[in-house]
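Working notes, beginning with the structure itself.
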Amino acid sequence: MNKDFIEIRWHGRGGQGAITAAKIVAGAAFISGYAGVVMAPTFGTERRGAPVMTSLKISKEKIYDLTPIETPDIVVVLDHLLLKEANVTHGLKPGGIIVLNTPKAHESYNFKNFRLATADITAISVEAGLPHGMVNTGIIGSLERATNLLGIEMLIKGIENEFRTRKPQKNSLAAKIAFERTVAGD
Amino acid sequence: MGTRNYRRKTSHSEHGPGDGGRTGSWRVERPVLDQNLCIPCKRNKEACFICWLFCPEIVISRTIPPRFDLEYCKGCGICAEECPTKAITMADEAKFSEDEKDKE
Amino acid sequence: MQAKTNILSLPTQEFVHPGTRACTGCGLSIAYRVGLKALGKDTILVVPPSCLTVLQGLFPIASTKLPCLNVTFASTAAAATGILATLKTQGKEHITVAAWAGDGGTSDIGLQALSGAAERGDNFIYFCYDNEGYMNTGAQRSGTTPIGAVTANTPFKGKQQQKKDVPAIMAAHKLSYVAACSAAYPLDLYDKIKSCVNLPGTKYFHIHIPCPPGWGYDPRYGIKIGRLAVETGYYDLYEIVNGEFKLTAASEKLVEKRKLIPVREYFRSQSRFKILTDAQIADIQNQIDAKWANYYKKDE
Amino acid sequence: MHIIEDGNSAAALGVKLCRANVIAAYPITPQTPLTERLSEYVESGEMKAEYIPVESEHSALAVCIAASSAGARVFTATSANGLLYMHEQVQWASGARLPIVMCVVNRAVGAPWNVWNDQQDSISQRDTGWIQIYCADHQQIIDTVIKAYWLAEKVSIPIMVCYDGYILSHTYMPFDLPDQEKVDAFLPPFQPEYALNPDEPANLNTVTLPDVRLDVQGELAHGYMEIRYLLQEELRTTLKTAAEAEKRFAGIFGRGGDPYIEPYRCDDADYVAVGLGSITYQLRVCVDALRKESIKVGVMGIRYYRPFPDEAIANALKGKKGVIVFEKAISYGYEGALMSDLKSALYEHLAGTGSLPPVQNFIAGIGGREIRTDDLTQALRAAIKSRVSKEPTWIGLKL
């Protein structure tokens, strides 16, 4: 992976907080020295529960191209059921990374040419004390485990800052546990 | 003479009388007061002033006797119609000579 | 309750200059003149295009001695809101904001903005001067033109529809104050304005305005005709204070008298009603009688 | 301090920093997050202002017109059909010479309904006597809002700050949030020439005659034509005042430059792409790609569309082998409005000099049709190679 310019596509459902998760990663990236950070949700009418996508581009230089990501380096999937509804690997670069929230075992998936990282974020988040279904902070821990991109400390700080008025400790705990438990393949 | 130095860039009006010009010229009849019938005149004290109240043009003074500002009076005749003692009558404007008109 | 104002106690200070462009015998001139006396110096006016625009004068001369913002036809009440908002930020809430719009500017094109402001409860007084048509553009029908009136665009058959009851629409906004007034009863208008200035939210005034060219009568009879509208029970003077309906002035007295002048007299005083047939007049008379029977019943 | 927020937040933060007194808005996608933000600032007490949730866009601008006439610094924002619904008020605001700042979050207009980006809404308001400034990123949005208040109040002309819906309004990117103290130093409180007040009564926007007329002091006052002429004259001189605003801003904030145009790799370029808004930044990517193919091309973003910086544009394009205009709007029945304006500027300043460049026109992204960067590069490459068409060419059309 070219670490000067990284494209991450997030797949979630309306109301699941994929935008917030992408925003936290964007913030951490900017502080880490990525001058160019652009995060763009799918444009249009957002409806709770419907599949949504968010693009996150991270670059060492200012980004002038705001068009949606066509060939992501990484895709983050907040709900394993989306695998049936959306072509999450569309355009994913060969050797690209899939970060997947799933209760199923890592071995039960077979993505040729891609590297898969899985964790049961839904369960982990409940364990961390978050309401059921709140997975957007936990998944950040998995992303970091799979990519080694920004360092978990930086992301934890970002989470606690974003959620400073809404259970910052529980949210960061979810990310920490997810970071520990994520199963990442080669 | 132009208006370049006029102080406003917008339509910014300041108030003053006679925006419509000397509206007295609109008149075809003019009000004439008979002080012998006019209530405040007869009593020589503030009273009635119905003509003052209903004058649309604010050309009747609230005085004894009430006076008509013929510069602006349009001659609608409401004062004559509303006067409870018929002290005001409307007289054909043509009866008044040009000289007399200029004096007003 | 404050003492009723009479002619002698009515303030002598005038806020309108003589020599306006209003038509000879204009009923609006009377209502406006007395209305401004009640509002007083600390007032900012808002006016959409209407006869009042002409009455107020052409640039650079104004007939009105109060500050006034001329606004687009549909935006009167919203503009009042804007001035109010500014006065709030300036700490000048003692200044009254008063909108004066015609019946077209109120009942037709301005209704949305008025409803919006009333729903928000913006604290200003809205005056609809109702000469029952687009008189400034040559007397076309409006939402408040009465049934049977010939106008420039109902030229032969007369208007076929009922007059829109704007005060009732405004009362449905649960305003603190709604009043129906007439240019023929200026002191009633004066007292009503004085009584509501300190009430909260939007206050709505509907003022019946005789119009010599639009209604077709000799200018000298303007007050008589305005009075006839009330004394026939055709147009009622009332106020609705916090939801409480009450007839006022001459209309209140009619309840005591239990006697109305036949509405035919009102219709026959104006050429715009010339096409009304006896049967139509009888029909309208029945409606008036039914309305008043209701008033009498409430009085018992 | 740098923050990462969406474009609507950048605009809202700018308005807050400018200490607007009265805000009125009606919701329309994609403007809504901007005005929601402002209502949060006002309700939480972070911002001392009156927020009026009006019942229509027509009323939104009515509130601003009246509030501004009474001396308040005002703000509103809208998009698409909301702007079209305002149109009467838009004309009124400039005729009344009120320094209103309005964000136009550019969106396609109906029919048919479409909530996505193009610029037909603001372009269709070109001739309303407003200043129109287009932004290409969030830094420009927040900085332009701040500069706009200073400029609008200096010249008594309202300003539309335009930025692309979704592409900028809903996209997050980092930008510098100016310090309040610096903004206060840049932008003094609004001091109107006249504000409605009972101690100095004036009747504003009264009927004004075709000819001049004496006022109550016996001085000759303008007719309607003089008032309208002055709007035109002062819009033209606004170009100079805009340069002053830019210099002043740069002095305090350390950023800014040419206020009218934003050239990129234009100096040695044979060909220059021209546009308004975010597409001009996207074109930088195309230019970089073509430069690698040794094609000498640059891109020039036009910041001020009205007043039109004709001279600056003509000077920048003088002697080029070709100019290619990319637009997200069209003057139906002819060509892109910017295309026509640009051609007339070139004709005015360069006709007969032998350095008048040929001009071509592309229409792109109508109704939010994705403008793929590769397609844009390809269009540019084709236009450089030879004249594509006499008529405007629509990029990505799937007929």
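Details
Think of it as A, B, C and D in the order they're written, each chain with its own count starting at 1.
The definition used in the following text is that a contact is a pair of C-beta atoms (placed from the backbone, for glycine too) under 8 Å apart; a residue touches a chain by one contact, two chains touch by 3 or more.
As the structure is a computational prediction, the values presented were derived from the model and not from experiment.
With every chain reduced to the mean of its CA atoms, the largest distance from chain B is reached by A.
Spacing of chain A relative to chain B, judged by their CA centroids, is 83 angstrom. Computed centre separation for the pair chain A/chain D is 36 angstrom, with centres defined by C-alpha atoms. Centre to centre, using the average C-alpha position, chain B and chain D are separated by 54 Å. Chain C has its Cα centroid 64 Å from the Cα centroid of chain A.
Contacts with at least two other chains are made by residues 56-62, 64-65 of chain C. The set of chain D residues touching two or more other chains comprises 201-208, 215-216, 221-222. Looking at chain A, one finds that none of its residues touch two or more other chains.
Shown here, the protein chains touch in an arrangement that is not a line, ring, star or fully connected set.
Which chains touch which is summed up as A-D, B-C, B-D, C-D. Only residues 2, 4, 29-30, 115-117, 166-168, 170-174, 278, 281-282, 284-285, 368, 370-373 of chain D touch chain A when the two sit together in their complex. Put simply, chain C touches chain D in their complex at residues 41-44, 46, 53-54, 56-62, 64-72, 74-75, 77-83, 85-90, 92, 95, 112-113, 115-116, 119-120. In the complex of the two chains, the chain A residues touching chain D come out as 22-23, 26-27, 30, 35, 37-41, 43-45, 63-68, 70.
Residues 1-3, 6, 8-16 of chain B touch chain D in their complex. Every residue of chain C that touches chain B in the complex is listed here, in rising order: 7-8, 10, 12, 14, 16-22, 24-27, 29-30, 33-34, 56-65, 186-187, 212, 218-224.
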